[in-house]
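Each structure below is given as structure tokens.
One chain, chain A, links the two complexes that follow: it is found with chain B in the first and with chain C in the second.
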Partner chain A sequence: MQALLHMLWQSDSAFPSGAFAFSHGLEGALGVKEDWSIHRIAALFATILRHRWSTADRVILVQAHRHADDRRRLAAIDRQFEAASLTEPLRVGSRRQGRAFLTSHARLRSPGAPALKEALDRKEILGHLPVLQGAIWRQLGMDERQASLAAGYAALSSLASVATRLGRLGAIQAHAIVRDLLPVLDQTVAQPVGDDAMPSSFVPWLEIMALEHAQADLRLFVN
Partner chain B sequence: MQSIELSNEAPTAAPAAARIGIGGPVGCGKTALIERLIPVLQRRGINFAVVTNDLVTKEDALRLQRSGLIDPTRVSAVEAGACPHTVIREDPTLNIAAGDEMERLHPGLELVIFESGGDNLASTYSLDLVDWWMFVIDVAGGDDIPRKRGPGVLRSDLLVVNKVDLAPHVGVDLDQMLADARSVRNGRPVLATNARTGQAIEELADIILHAVLLER
Partner chain C sequence: MNGPVALSRRATLAEARLVFAEAGGRTRLTLQHIPYPFHITRPFHLGDGPAGMATLYLQSSSGGIYRDDRLSFDLEVKPGAAAHVTTQASTIVHDTKGGWAGLDIRLRVGKGAFLILAQDPLVLFPEAAMRSHLDLVIDPEASVILADGAGTHDPMGKAGRFARLDWKTCVRSPAEDLLMLDCWRVDGQDFADQDGPLHGQGGVGTVTILTRKPLDARGLEAGLRGMGCQAAASALPHAAGLVLRLLGPDGGFIASALDTAVRAAAALLGSPLAPRRK
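Entry: the complex of A and B
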């Protein structure tokens, strides 16, 4: 019960973790044209979930969750995510988001968080978001599946919120997409993650858009 | 009512430098006031840095960095994801991290100033982020703003009424506007400034330093 409540708490977009300021390439992608249909946007979200979040972030989160007690292993997982994140704005964004997430947990004195924050300040870890989610949520008692669902839900609802704030979807339309992609989330989370699985992603168009976005003078989101 | 003991109370360790917020509607003169404050704080030997929260650009940060007034590494920008109030209130973690980064970069830092993106009269700063904050309105925004009693006007530690030079041009009775402001603030201070000429900037620095450095 406690773990379930922790899962709700941690997937709530009101939990202060800096997430609202990141678009994960979406601001750049939606900016390329005016006429995005709701169906194309839904397909874009599904692609991001399947071909980036699930294969990169989730793999790292699960491994970090398994090795939450092993600082050296965590640091290695963290470096692996860094190496697999070729697109700078997304890579830097993940580290900034990780730092913000850890800032809240360190101040809340969540188990293990102050020590991780010190390790981050001493640059012993890079602090990518999925690594910290896996490590801290494990300490909060969430199991692997709960941690994956919380992170996946947070990723999905954040895409919906970005598209809403950019005026591309109505708030209710956005949640029609969220609802219809919940089964996708369920399927992706059910896929096993090997202990030596490498993070990978294949959303090249989105990454190019994220790179262009980083050069733009006018932008609302970090990435 | 009974009180509930918390297992721990965030925030735990207070940051080394005092942190203050400057909020207020778009164009009220927040950056202009900071530009005026910079030389005054420097003359008084204060070791400080500025973090801006621009809405769609890094323009304010670039403006300060290029001003020649301050070492550009002492200015940074935090993006607000279209939510200028969220980044200072509901979720100040990115600003907290930016303040921590400034402290790491500049040992001995005494003060970090956070400029909010232009927002509306309802914006307030989280006490997780700042020790003290001021809300800026300007004369040209209309003399009825104090009477509208937004949380910024009511709850800020200092209310600044800027652009007093414009009062005659926009038909505002400045004395009445200041009196209205004082009457809704329960004795908390109100200061009239002109960021064009520097009027009352020394007083502004006195108020800030007294509030956050002396009382630490």
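Entry: the complex of A and C
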């Protein structure tokens, strides 16, 4: 029960993880003048979940969860995610969000967090978000599936929040999308992750939008 | 797609190998092993790019890639040499009829060497399943431009979809440090989906510039915007260079955009290229 409560706590958007500042490319995408119906926004979210979060972030989170006690292995997983994050705004965003997430846990004295924060400050790890989610949540007693579900829900909820704050969705529409995509999340989390699996990501249009967004004079979100 | 290989009678197993080295101020082909279905032209010295650069066209004499084909291509550019290897045209991947085909490219580029490997996009026919993997080991003092991509075509005009494309570009230092990993898998349905990864476009391309020289990403994008291409460049992790993603309506458009981008990339590296005839 404790692990389940931790899962709810960590997927709560009120947790100070720094997520509110990042749109993960969505601000650039939804800024394109198109007919952004609720169905098309839901489809875009599903694409992000299936072709980036599930195949890259989740893979890294699961591997970090498995090797949470092995600092060297954790650093190698972190470096692999860095190498696979080709789009600079998304790469930098993941590291900044990871630092914010870890700083909060270190201040809360969550098990393992102060030591990881010291490692981050000493530049022994890069501090990508999914790596730190996997490592910290393992220490909190969450199992692999619970950690994946918490991270997936947080990612989906964050996308819905971004679209709402950008005025593309109302609150009820946003939660209709979240509800409708929960089965997608469930399916993706059920896919096995090998210890040697490489993070893979295929969202070229979103990457282009994120890079164009980084050049914009006026932005609400960091990426 | 990594299970046991059950080879059909039509399967082609081929391992090609080329080595370029510098001698007397010119880059020369010092080793070539080119089995069917690979075919190459002789090296040309066109007087562009870095001094003495050799240009070589890589061709296929089989009409494309078929079920159970396992093709590999090893290319080494020795220290100080400069080579531009480009395909003659796009490569068709035919219906693999429930199996799959694979192309593995292994590159090694030495100190002070220069390589452009410009491949026209793969054209995936309905029910094609393809694995395209590229592994590069690059010296910190070398420069490399890679261009590749994918589009689709249904010769029957029935909007058939390819089965699967499994893609990997992996770049390491000679010390085995991982510098860059571009890895993805997609099926034809998602590739064509209006709200999928390509957002309704019909082709995707990537140009990767690996160099320690500081480069202006905007300089790479400018020429592409003028031709109506959706494109943007990013600094690579580990300050390894730049990567440019581009999208367009079809494989033909992507081929033209890749050509434009490769010439822009070469100019950024201080080695402008003359247009190549294909």
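FYI, the second predicted complex is superposed on the first by the 222 of 223 C-alpha atoms of A that agree within 3 Å, B and C clash if a C-alpha of one lies under 4 Å from a C-alpha of the other, contacts with A are read in each partner's own complex, and residues count from 1 in each chain.
Assume a contact is a pair of C-beta atoms (placed from the backbone, for glycine too) under 8 Å apart; a residue touches a chain by one contact, two chains touch by 3 or more.
Please read all numbers here as calculations on a predicted model, not as lab measurements.
After overlaying the two complexes on the shared chain, residue contacts for A:V222 are found with chain B alone; chain C is out of touch. Once the two complexes are laid over each other on the shared chain, residue contacts for A:R73 go to neither chain B nor chain C.
Applying the stated contact rule after C-alpha superposition, one finds that A:E82 touches chain C and leaves chain B untouched. In the superposed model, A:F101 makes contact with chain B only, not with chain C.
Contact with neither chain B nor chain C is seen for A:H175 once the two complexes are overlaid on the shared chain.
Using the contact criterion defined above for the overlaid structures, shared-chain residue A:E212 touches chain C, although it does not reach chain B.
Within the superposed three-chain model, A:A43 lies in touch with chain C and out of touch with chain B [touch as defined at top]. Applying the stated touch rule to the two superposed structures, the chain B and chain C interfaces on chain A have no residue in common. Partner chain A is touched in their complex by these residues of chain C: 167-168, 178-186, 190, 193-199, 201, 204, 230-238, 243, 245-247.
Interface residues of chain A, counted against chain B in their complex, comprise 14, 16-23, 96, 99-101, 103-104, 106-109, 121, 162, 165-166, 217-222. The touching residues of chain A, when paired with chain C in their complex, are 40, 43-44, 47, 50-51, 55, 79-80, 82-89, 91, 198-208, 211-212. Only residues 7-8, 10-12, 55-57, 78-83, 86-87, 90-94, 96-97, 100, 104, 128 of chain B touch chain A when the two sit together in their complex.
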